[in-house]
Amino acid sequence: MRIAISTGGGDAPGLNAVIRAAVLSALDRGWHVLGIRKGYAGLLGEDDVVPLTRDSVRGIGHLGGTILRTTNRGNPFSYPVKQADGSFVEIDRSDELIENARNLGINALISIGGDGSLKIAHQLWRKGLRVVGVPKTIDNDVSGTVATFGFDTAVTTAMEAIDKLHTTAESHDRVIVMEVMGRHAGFIALHSGLSGAVHVILIPEIPYDIDKVCEAIMARESRGRHFDIVVVAEGAIPKGGTESILGASLPGQDRRIGGIAQRVAVQIQEKTGKECRSMVLGHLQRGGMPTGYDRLLATRFGGAAVEAIDDGKWGHMVALQSPHIVTIPIDEALKEPRRVDPTHDIVRTARRTGISFGD
Amino acid sequence: MRIAISTGGGDAPGLNAVIRAAVLSALDRGWHVLGIRKGYAGLLGEDDVVPLTRDSVRGIGHLGGTILRTTNRGNPFSYPVKQADGSFVEIDRSDELIENARNLGINALISIGGDGSLKIAHQLWRKGLRVVGVPKTIDNDVSGTVATFGFDTAVTTAMEAIDKLHTTAESHDRVIVMEVMGRHAGFIALHSGLSGAVHVILIPEIPYDIDKVCEAIMARESRGRHFDIVVVAEGAIPKGGTESILGASLPGQDRRIGGIAQRVAVQIQEKTGKECRSMVLGHLQRGGMPTGYDRLLATRFGGAAVEAIDDGKWGHMVALQSPHIVTIPIDEALKEPRRVDPTHDIVRTARRTGISFGD
Amino acid sequence: MRIAISTGGGDAPGLNAVIRAAVLSALDRGWHVLGIRKGYAGLLGEDDVVPLTRDSVRGIGHLGGTILRTTNRGNPFSYPVKQADGSFVEIDRSDELIENARNLGINALISIGGDGSLKIAHQLWRKGLRVVGVPKTIDNDVSGTVATFGFDTAVTTAMEAIDKLHTTAESHDRVIVMEVMGRHAGFIALHSGLSGAVHVILIPEIPYDIDKVCEAIMARESRGRHFDIVVVAEGAIPKGGTESILGASLPGQDRRIGGIAQRVAVQIQEKTGKECRSMVLGHLQRGGMPTGYDRLLATRFGGAAVEAIDDGKWGHMVALQSPHIVTIPIDEALKEPRRVDPTHDIVRTARRTGISFGD
Amino acid sequence: MRIAISTGGGDAPGLNAVIRAAVLSALDRGWHVLGIRKGYAGLLGEDDVVPLTRDSVRGIGHLGGTILRTTNRGNPFSYPVKQADGSFVEIDRSDELIENARNLGINALISIGGDGSLKIAHQLWRKGLRVVGVPKTIDNDVSGTVATFGFDTAVTTAMEAIDKLHTTAESHDRVIVMEVMGRHAGFIALHSGLSGAVHVILIPEIPYDIDKVCEAIMARESRGRHFDIVVVAEGAIPKGGTESILGASLPGQDRRIGGIAQRVAVQIQEKTGKECRSMVLGHLQRGGMPTGYDRLLATRFGGAAVEAIDDGKWGHMVALQSPHIVTIPIDEALKEPRRVDPTHDIVRTARRTGISFGD
């Protein structure tokens, strides 16, 4: 038996722990393991394919990043190919990929990736490649799994930043608006904001009215609380707005960041007269050592992915349905992204503890 | 409406976050809140009862410990009373407690505590006191809830200690045996050990054979790996042993610690000839700032406890059944403690990655 | 004896540890202590003056911020006073301040602050107020002291951010430009950059040539290293530039942040074609719990300030001249700010380990 | 030019940063670098000698441990050699070592180690080997240098442990006695204890009277403070005692740990009747990622050691004399260990803030 592992999409703390657990679990069964570098591109001749041994994965479980590198590019079904005139056209190279995998003797592929990578994994499986998926989304917006690795680390990074901002905001009577990741789902903003005891949380699922935000700030002011921390998801949407400010994202940028935080800060300063500052956490949320929670979850996903191969669960991905890891069909999991339910207990408790959602 | 809050049993990171969320959620409903200090003893005249306001809970969500203090003593159904000759007899003061609560105008009590405190809470409810429970066990051994606050922090503390031991053990070719909490359940050892990539995990649920442990160590030796980290739960039991070394615990000590780690270290040194060291994490696991995960969970528990009062869920406790907080009858939850299932995916993956359980 | 304590200027981790040590050291001598809130303004009727007791400073030594709050405004020698027409004029209220201090029975003032606050302290001493200074600058740019509290925390925050960026930059083959504090002195950039093993460090003391920066990046590229971390101090200056981009700072902003990082990132992307990102650490550097180093240094400063009062060292400030805390005349210490010496061993070692300064 | 690097003695966070900086600084000069594994034993045929390249030291600056491994054994001047009958005799193998170094073409050796390793280094230099030393002592007890790397990390680990113990001790009204490293010097206990705001600090330099310790605890009790944290250095000595409890250390153990903490805890419990617990930090203090301070200092030491070779400073070691790294003769530095001066400002401030030294 020879399996391969690839990682695709944005960085997420825990990728190396998945790889380590999958490699050791496969080797323990007497299998061989190949690492496909740079996502699917690695199977299309763009980078080398490397054997993964015990030595390859020694001591990497607690490290951020991925020893296989990763990329957002290289969908084999619409692969960008440079033309003589310098322009790019996209062609379908999926047959070639499957052929290459066969030539390498790969019996099964573990594809670790976000919805983009997993959709491709599903399509490849339909075309005959035996694939098992491991969901990877720092935004925690995949249905069918209670959590994805990297999310707890991102929330922790955001919460620790909030902890730091608290003292400065309080000492200086300021409003600080901090932008966190979350284009379509506000989980990072919600979890870090509630744990960090902020005063306003703005998320895509609950469109905000800037006047309500300012009301909340002035209500605190009248109670003698002169500072405020506002956490805003990058995909937060003003009420009545048809789409988030993300619609204006620049070509070539994976995430259009910074716009919403500054916009909200300027509006609050204009409307309340209070001194406002904005900041963008950005890449810090994707990096660094995974938390204990993520190291465990990632390790479990890696081990379970190899079990899924052993069980022939092709076209499935691993998922956490506490307290168990299960497998579910990839296409079912991806049907609809998970979003914050505005009636969820976390939102209710946040409101009760005095947090405004600007609605 | 006037509610009271008490904390009982050992310290657990997140207690203050529960208190804060419960107080703010109650005040937001226009209720009054009293804090009972030092567990149930506070309702028996041993300490003051204090009003809890916004100011009382400001800025405490991220702090360890409990502003209400806590204790393992003071079961009102068998309350230790000092006699003239200096000896103690235990008497039932539960009627007095309920009377005192009535005199203070307490309409409902939120009891935050371990199985001991919750059993008492249940008995008090049977006698007429309206009680809602919040489970608190750092060992994560309460049935009916996926997790309890404090557990993630304890696992993180243990894992970070393992991370530190790794470099020293490896640089010096040593075996280090580290003891963590877990008298009846090995969750802390299992989770921290797998996240920390240790080599041996010994837990109460899987009796160990010291010879198997040494075999695992010598097998690593023969692969050129000259150091080992062994994590042992305080309640780990040798195969054939009828009970753990905890049976010999000293009177007056809440936890008999240190015995098992040293015992295992000495045995390994004798049998393998390798240089061994033991250490006991002890109280470090109960203290410190809660992790983001625990701050969120504790906050949710606090908010949900007040909702449960609002819904008249007397005799129930809050519980996490991901992704929701639910309420379940206290007696049902306490019927049987949760223990590590030796067939669980975490154990399977641990074995596959090369960890020995000494069985 | 009755002394007062005030904190002025920007936030710095360790302020509370200074206050705590000074209060306890004074109380231990049988003195009384007053806290002046909001800097010098507190002595001009803008905020209350509060007695500081053991209870006031209990458990604050490890907290960020300052229990006395702080401000950049309120120079008593040119105090902004609102006119009937809404405009402001600045008037000298120093006599009033000294009179108020006398009326409060203040025998001596500990002024904790940056160069602005300390210059005022020195002027007030010249006018008869008995003052002892404690230097506070997160940039570590005060002469006469090896270190100031808050600096080690800021460096640690920056270094931890760099650690996080490393994995993401490497996984994605990116250039990330991170801006840190340092308007006139590049110590934070230099120390965090060298500890964090970045590839380019740009500081005010060594004007940079963007082409040299790009050369360094392309030299790494040619050695197969496809990512780069650039740390830039906010006051970094391009070669031939007469002043830093900070000259363009907006009115009302204490620090013009973000401009230089984005500018450098855009230039590198244009010139090298590599994907670049910029981020600004900003307020995160001022907040949070102080490191052990800063907690100790701040505590020593607080204790030494009270000793200085005991010794009648008026017009002096405390300073670290390892391994001792000494006192030096404030005006001498402020004569010239400390800046990075381009021939210092830290710069030499940074260059030898492959870091480019763009020169 | 070909230089070699060796690490000896106990583990200390920052060793890898020294190695990395030294290797890169040497390669930048066009030199070759060899790594001697396992201390001097590596030059006596016990382990391999490995070439150190850019790849060898990539990404190791922030890791604990040492890629060269280390050991307390193997003094070439009295090298233990096994006899036919199983016993050991010690012989002088220094000539052999120097001969081996010559055969490997080693022009100079950087010896990173504690006083033991440095004394050997000095002797080897006397015999003709060109040596430069880098002091390594986690206890910070080397004269001539303001600080050694690893010390700040150890203090931070101890202080963070104290932070955790605070909440548990306070919640439960307990006395917790924590033992830290420091056989002959109490710097770790003093620095961590003052930063951590403990109540009693016991160090070798200030013999303690257990009755004075108990007085301090009961004085707090009478002020309504029912918990206490006691930090005790492993080498603390009771007044009138001729030597520390360390005199009883077991053969083969590098540090006799745990005795003093338990002894003090038992005595306090007997004399005050308060519930006491003891714990030993042990190996945790040597492991883990170095702090920013230590990463910088270690990097500077590594760079400066290569400069010292360039300057022909044979028989010298690098040292921090803030703000500069200097070189001093090894024998001068080792003449007398650095110890805590009981009149130092840190001790004075500790006393003023209410800390008892038991004297």
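Just so it is clear, A, B, C and D label the chains in written order, and each chain counts residues from 1 on its own.
Everything below uses one rule, namely that a residue touches a chain if its C-beta (ideal position, glycine included) is under 8 Å from a C-beta of that chain, and two chains touch if they have at least 3 such contacts.
Predicted model, so just to flag it, every value in this text is computed and none were measured.
Of all chains in the assembly, none touches chain C and also chain D. Using CA-based centroids throughout, the chain positioned farthest away from chain D is A.
The geometric centre of chain B is 35 Å away from that of chain D, both derived from CA atoms. If you average the CA atoms of chain A and of chain B, the two centres end up 31 Å from each other. Between chain B and chain C, the centres computed from C-alpha atoms are 42 Å apart. In chain C, the residues that touch at least two other chains are 160, 163.
The chain pairs satisfying the stated touch condition come to A-B, A-C, B-D, C-D. Those residues of chain D that touch chain B in the complex are listed here as 10-11, 13, 15, 63-66, 69-71, 157, 160-161, 163-173, 176, 252, 275, 277, 279-280, 282-284, 286-288.
Residues of chain A touching chain B in their complex: 20-21, 24-25, 28-29, 59, 61-62, 146, 152, 155-156, 159-160, 163, 191-192, 194-197, 291-293, 295-296, 299-300, 302-304, 306-307, 321-325, 344-346, 348-349, 352-354.
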